[in-house]
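The structures come next, written out as structure tokens.
Here come two complexes built around chain A, the first alongside chain B, the second alongside chain C.
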Partner chain A sequence: HLATSLPLPSERNHLRPRIDLVVFMIDIKSKYSLKNVETSLAHVDASFFLGKVCFLVTGVGRVNACSIETNAICKLGKAYCSPVLFCELELEGIRVTTAQRLLRMLQICAGHIPGVSALSFVSLMRNSDDD
Partner chain B sequence: MDETVAEYIRRTVLKVPRDEIKMMLQKWDFLSKAQLQSLNFHQTKDSISQEVVQFCEENSADIKQAALLDIIYNHIYQNKKMWSVYQMKKSGEELECFDIADFKKKFKRRLRSALKNVTITFKEYEDNAIWIRVAWGTPYKKPNQYKPSYIVYHSQTPYVFISASVLRSNMPLLCQALIVASNYHDIREMELRSHCLNSLKDIVFKRYSQNFETYTIKPLQGGNVEPEDADLRIVHENRSEKERIHSLNEEIFGSGPQPKLEFAQYRLETMFKSDPKMNVLDKKEPFRCLVKFSSPHLLESLKSLAPAGMADAPLSPLLTCIPHKARNYFKIREKKDLFPASFVSP
Partner chain C sequence: ESVDTQQTAFLLRKAWTLYSVTPLYRFRRARLRNYALLLSASIAAEAQKGLAVEVGVEMGIKVALSSLAELRGSDLDQPALLVQLSSRPQASSRNSEGKLVWLGCFCSMFGDDLSENLPEGFTSLPLFLSHGAERYTSLVGSWFQKTFDCCFRRLAISPQNLSWMVAMWAGCELDKAASAVELIFSVPRLAQPLDISYAIHPEDAKALWDTVQKTPGEITQEEVDVFMDCLYAHFHRHFKIHLSAAKLVKVSTVVASAHCDGIVKILHSQYLPGVLMLLTELAISQIQ
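Take a look at the complex of A and B:
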């Protein structure tokens, strides 16, 4: 399900299946994109932040066009305990790999992989120099 | 042949890309078939231009032919120049038949009576466009052929497109000659400028696709918005919003290609509004500010702003009114009451 922002339009509530993973896409070339994600985050139920949210930063291949500092994004990821993935959609190889990663994450979040749950992401996120 | 004429022809030919020289010379129709045949277009441009000058010498070319070649060059590469639009006004409702010979005679007479040293050349094109080239001199100097003004006049319309040369002091004289020759009584410069002459024509002749007030009962469903997205596994949550933006855009911009403008300029003479606690500019004077939007194709980029998610739809009328108002220069002053600024045309 693709949406431009949250909250999702309520008229489609009855048509929507259970949501297992929310991927926030941030275009590194657009400050507006980051702002949009930040406002949308407020509409996500807290339970999602136990591994069912991830940030996907696109457009990192065009170094000259970056409008957002990666620092800011990493801070966002830390604040919401969610992984941050970087990719460049214009390159087919990276696009395919990223899609495969997301699919893997989705399988875990949906409970399709026995023995691994979304909570694993949260523990994997901890840095060795944290506390 | 005058050597200044020879040099002018040589330089004009040099401006043309090598592959286009033959076509240009054919359009000019001054060199004979035999001469054209014998020209070797595979040598360097320098050599080609020298040969052309040689032939012109044989044919005794004068400044008239050289000026004609220049008009042809500028007609083909018209988008290299910046064009301004002028609108003429008639005093009464007299519908006279337009006589081109009369127009040319009156125009030349008017200009020459004020300034002896001018070169005036006319060329008519199939789309009813009359191209006029004027090279300006002074009472003591011969005309400067390298800085002429070009005027494009469509006789069935009150519009004149002018690519003024650097010598703007000649504009009043030029304007006078135009209205006298075309039997109008007044002329004013419009706030509309662009490199793309055809787009300027599209705007003032209203040839671009405008929105007509036909309302479809329901916005066209689905397929219109994202035709490539045949994958049924993808659900667009904001489809109705996307459709709203799409139909709003169609309403405002029409569905055809937009006229090509490179910029829009807004001169603001409004009061600076800020938090009174910030103490910025407590002088109650208008804050002068110039906002300029530039783009290789301004109107198309404005049209794609909302669908790209970069701006809310509908866009500010200050941006969307550009083709309807036929202007891309605006002066915005404060409204008398406390509401935000509105336009005031000069």
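Take a look at the complex of A and C:
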């Protein structure tokens, strides 16, 4: 399910299936997308931040079109205890790999992988800068 | 920090295309005359190959290389290197000086980050400015790359860096009537490309920056973000358009103007060292 911002319209609440994973997409070329994500985060229930939220930063292939500081995004990830994935949608290989990663995360969040739960993401969260 | 304005006046009011250059290997200041002859021969040879369009002009290109000791930040910087290409005077012309057809300048303004850890034999002049026809830039560039084993890359300026520039330059002290602060945005993903030009009265821009900046002489990313957010919010209030979703491609102030393709124009001699210092920094981060 795709939405341009949160909250989701309440009219369809009863038709909506259970939400297992929320992926916030930030386009590094658009400062507006970061602001949008920040305001949308306020509408997410706290229980989701136990591994069921992740940030996907797109457009990182074009270093020269960068409008957002990567530091600001990493700080956001730390503040919300959620992983930050970087990808470039214009490159097919990376697009496919990223989709596979997200699918894997979704399977775990939906409880389809025995022995691994969404809480594992929180404990595996380590920024390479921390090393 | 004062740079002799007479010597550097040539840098003002010209559109310069910027490149980052990796350190030059075995470059000797004493051999400038020699290098000029070699470069001249190289250009003439290219003309003979028939690659140039105006064959006659290329054969008559005179090259001059000179050092500009005044153009540098500190003594740790290498003096700037100026390359001038002029057409040989026609036999019938009374003027003994040829006409300047192309200008190139290698410089380093407080480029210690790159120069301090250089191995022996390397000269650091990371910022290259060129003015004139692209084919000459390419001829001169290839010769330098071949002779000094260096690498030229067009200097791209990201929207983030352009935001820094407009915030910094809009906040500069102005002594006389200034031109408007202008930001040009390009809107992505449309059938017809759309450019939005946002012009702000320079006094309003300076007043806004003064309320945002906490410590004079220091600028933080947060302050630049607040400044830009105010401009975006103001625009949205009037036009219901989110400029933050568009791409900032050019900024223009009374101090200087800069385009994301790496083209700048420096307009104010007082701020020339500051602008060159920022550009040197960008060039160095592109190299590293």
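FYI, the second predicted complex is superposed on the first by the 125 of 131 C-alpha atoms of A that agree within 3 Å, B and C clash if a C-alpha of one lies under 4 Å from a C-alpha of the other, contacts with A are read in each partner's own complex, and residues count from 1 in each chain.
Rule of thumb we're sticking to: a contact is a pair of C-beta atoms (placed from the backbone, for glycine too) under 8 Å apart; a residue touches a chain by one contact, two chains touch by 3 or more.
Computed from a predicted model, the values in this text were never measured in an experiment.
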(request) Mind working out whether A:P9 is in touch with chain B, chain C, both or neither, as first, second, both or neither? (result) first
(message) Under the stated touch criterion, which partner chain does A:C66 make contact with: chain B (first), chain C (second), both, or neither?
(response) second
(request) Answer with first, second, both or neither: which of chain B and chain C does A:H1 touch in the superposed model? (result) first
(request) Look at A:V122 in the shared chain and tell me whether it touches chain B only, chain C only, both, or neither; answer first, second, both or neither. (result) neither
(message) Which partner chains sit in contact with A:Y32 here, chain B, chain C, both or neither? Use first/second/both/neither.
(response) both
(request) Using the touch definition from the top, say if A:L85 reaches chain B (first), chain C (second), both or neither. (result) neither
(message) Which partner chains sit in contact with A:I19 here, chain B, chain C, both or neither? Use first/second/both/neither.
(response) neither
(message) Taking the stated contact definition, name every residue in chain A that is touched by chain B in one complex and by chain C in the other, in rising order.
(response) 30, 32
(request) State the interface residues of chain A toward chain B in the complex, per the touch definition above. (result) 1-5, 8-9, 11-12, 15, 30, 32
(request) Write out the stretch or stretches of chain B touching chain A in their complex. (result) 234-238, 240-242, 309-310
(message) Quick check on the complex: what are the chain C residues that touch chain A?
(response) 156-160, 163, 188, 221, 228, 232, 242, 244-248, 260
(request) Quick one: which bits of chain A touch chain C in the complex? Just the residue numbers, please. (result) 29-33, 35, 63-69, 71
